[in-house]
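A, B and C label the chains in the order they appear, each numbered from 1.
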């Protein structure tokens, strides 16, 4: 099912790749540092008929387009009652969680995969979780007590899914949400909403930084999801396909910038490491062709393999990730001027075409 | 939707769940947590319940409070009941591609009567997503390179699932009144799935690096018990009892102190590490029950048949010792 | 082959290996003993004892867990509302009430085997033909036995007299809606004879079912139910139909004279026996209030080894089996 299965790497190649990634500092095949992102080409506002859109092309040739469309939808009547039931002070506070999930819809299309395959389902679940976060997007979508915006986020992967496509899709979604504009509201209060037809007057869903003259208050930004792997003692960001093949653990971290300008984790989940599907090597002591040990029993062979513990030949990693390393991953991702801010900063600079 | 011709279908007119008259507020009692914040509900776990499978286990977490006492037809709380069977390791079909490792597939399905709203027979997106999570958790534990060219199916049926929130706090017809909002119940279900699958895999005699168990912790903004900046970390939350703002599930390997599965979502704020630690503590509590159940099963098996099986058991013990 | 024990020790298998390699001779060897004993230790006519637990599922209106040996089945009854106005082709008012339930499709039984209950029915595939045929047999027995009363499922509304000038006019009663019962049967563990166990679970769950009190609400223009358990009512089940399944094991083959063949009838076959047999017989017995059993249904498939005498014996056994189930269901 997974597009990254069937890696064309031999146990010897895997072993070489792993030991270079596990060195201090790690040596990556493309010469990047552990926290360096791959270069990418990005543009936003490419679809004139959508409220917001973006296209990102990674250096390995994978490419994605995201379009965001917004529609006005009546808030469920019952939902309104529920809000009135709560104390008045809370009405503008946290939105009712029952509605949050249905106010936007993410659909992912990947060439060659049906839309109920595991990969699109799982990617959509990840992106939705990140966007839901602590419900801030839902607040932004609220028009008044009776109406809200409904967002349709359509994600289209244009290329074959060569490497794990989550970061690409998440960055493109981030960029398209940044460029999303909603028509300005003219009507007041709880009446039926009426909007200005002047596109110039429309407001950004996520306010642009330059529109805030004071510049003191940071603006929140939509979340991005980063992929992190661990190899030996190292943690490595934005792994390529080959690097994923030797990862001991793969973690997807969704981070966003909060109103104070700090990065924070909004969602986290482990991803099945493709390295567990790789073939293990045969230790020299067991190699029948060298003739030294051609006639060991099965149990002995297994014991010998266990003794080797993947030291002399490649063995798919076992077990998981320890908590210290996980904390380190989260800390690195959310660090001040770290990789998270760097990526977001880079994307903020993208101009519409 | 097209009718499924392989199953009996609803009458042509279509049916709707019953609409209940409004219940007076005073008779509506939200279940309350009577256990301590760091206490787990009672877990019932037994292995070997399905003799025709290579391995099987049944897991149940009864609710703390009895739901029948309030005289209402609508249950106020739900329990968690999961069965798991493991089929394999068995040879791959002849036309399958070569695989150097054991191919583990997971299948998680809710029974139609598992939740407040009747479910369909075809797996939906959330059930598939649970399957992916479970697969991630188990792949790291099973020593897959000992069974080349083999497959193994882990099948989980959820007879009764945890709910996402308290149904009574929302009016009828909304998602919340069907116990479906926020997706917190799914996280409790996943923790149960990990524990029960672990027991079934051990029952099937598949070599593992450790005895994995699942645990869940949640952050609530409940009043009163304010610790750690207003947020309270609760172990093993029952969503009907709390207003959850963030939660985390882990698949934890106690003797290696490692995690093969983490799923965290919601408004975590700065509490991500506290949440993970909480979930690990919850998993540790589950693992004592798990270890007890596995030990009991092993002892009864050795006691009954002895001989051949005892030798196998000893061999298995050696394997885990070598790799653990 | 059954007497092949004088062979060299190299060919001496453990019973488990023997059963796996050559199931038919293994079964035959057991049955050929002076007192025929099946591999599972039962005699040919012995059934497995059923155990019934009801009401254990929170979100069902009625539920039951039934175990027969190593076969375990869970059934949950879920009642939903079918509005009379939504029925595309209402049955004519003259239709016999006993056909109404079938006509309207108010009973929706589904038996699911893809729960991991046996390696032969792994999930990820559409329902196997076995699952489909079992669901269908449940449905047809539910309908042919008339176990439910349509009056339990009907929600009537008496319209207030519209014309005050005609005081003698009888108030008109219309049926506004019907309860539809979804009977979801999940096989948790399968070791043969799923049908008897599934039927037991269905009946036990129906006996356990509580339907809320429901009425037509004029203001709301819909059916409203009472949430109070004290106002809910049970279903009134007519007499108790119980099916008993038998497997026929025969050594008959095209290579042998028919006279040489031996035939055994095995009551309540387990999974191993089911795989070794080709001929099956199901006798559904119902017992009215007069205590006299009558045959409600006879289903026989495959093979031509047994005749009227054997079927008569099976019917006798099925009658005895009826009381076993009756006690198990009553005790639950």
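In this section, contacts are C-beta pairs under 8 Å (C-beta built on N, C-alpha and C of every residue); 3 or more make two chains touch, one makes a residue touch a chain.
Each chain and its UniProt protein: A = Ribosomal RNA-processing protein 42; B = Exoribonuclease phosphorolytic domain-containing protein; C = Ribosomal RNA-processing protein 43.
Given the structure is predicted, the values throughout are model-derived calculations rather than measurements.
Counting steps between touching chains, the shortest path from subunit B to subunit C takes 1. Taking each chain's centre as the mean of its C-alpha atoms, the one that lies farthest from the centre of subunit A is C.
Innermost chain of the displayed assembly, by C-alpha centre distance to the whole-protein C-alpha centre, is B. Chain centres here are Cα means. That of subunit B falls 30 Å from that of subunit C. The geometric centre of subunit A is 50 Å away from that of subunit C, both derived from CA atoms. Computed centre separation for the pair subunit A/subunit B is 25 angstrom, with centres defined by C-alpha atoms. The set of subunit A residues touching two or more other chains is empty.
Residues 57-60, 63, 70, 72, 74, 76, 78-83, 86-89, 104-106, 108-110, 112, 114-119, 122-124, 126-127, 132, 135-136, 139, 180, 182, 184, 186, 188-191, 210, 212, 214, 222-230, 232, 271 of subunit C touch subunit B in their complex. Within the complex, the subunit A residues that touch subunit B are 76, 78-79, 81-82, 94, 96-102, 116, 118, 121-122, 124-125, 129, 132-135, 249, 251, 264-273, 276-280, 302-303, 306, 315-316, 318-323, 326-327, 330. Per the touch definition, subunit B reaches subunit C in the complex via residues 6-21, 23, 49-54, 56, 67-68, 71-75, 77-79, 83-85, 87, 90, 105, 107, 109, 111-116, 118, 121, 153, 155-157, 159-160.
Those residues of subunit B whose C-beta lies close enough to touch subunit A in the complex are 99-101, 125-126, 128-129, 131-133, 135-136, 139-141, 143-146, 165, 169-177, 180-183, 209-210, 245-246, 248, 251, 253, 256-270, 272-273, 276-277, 280, 322-323.
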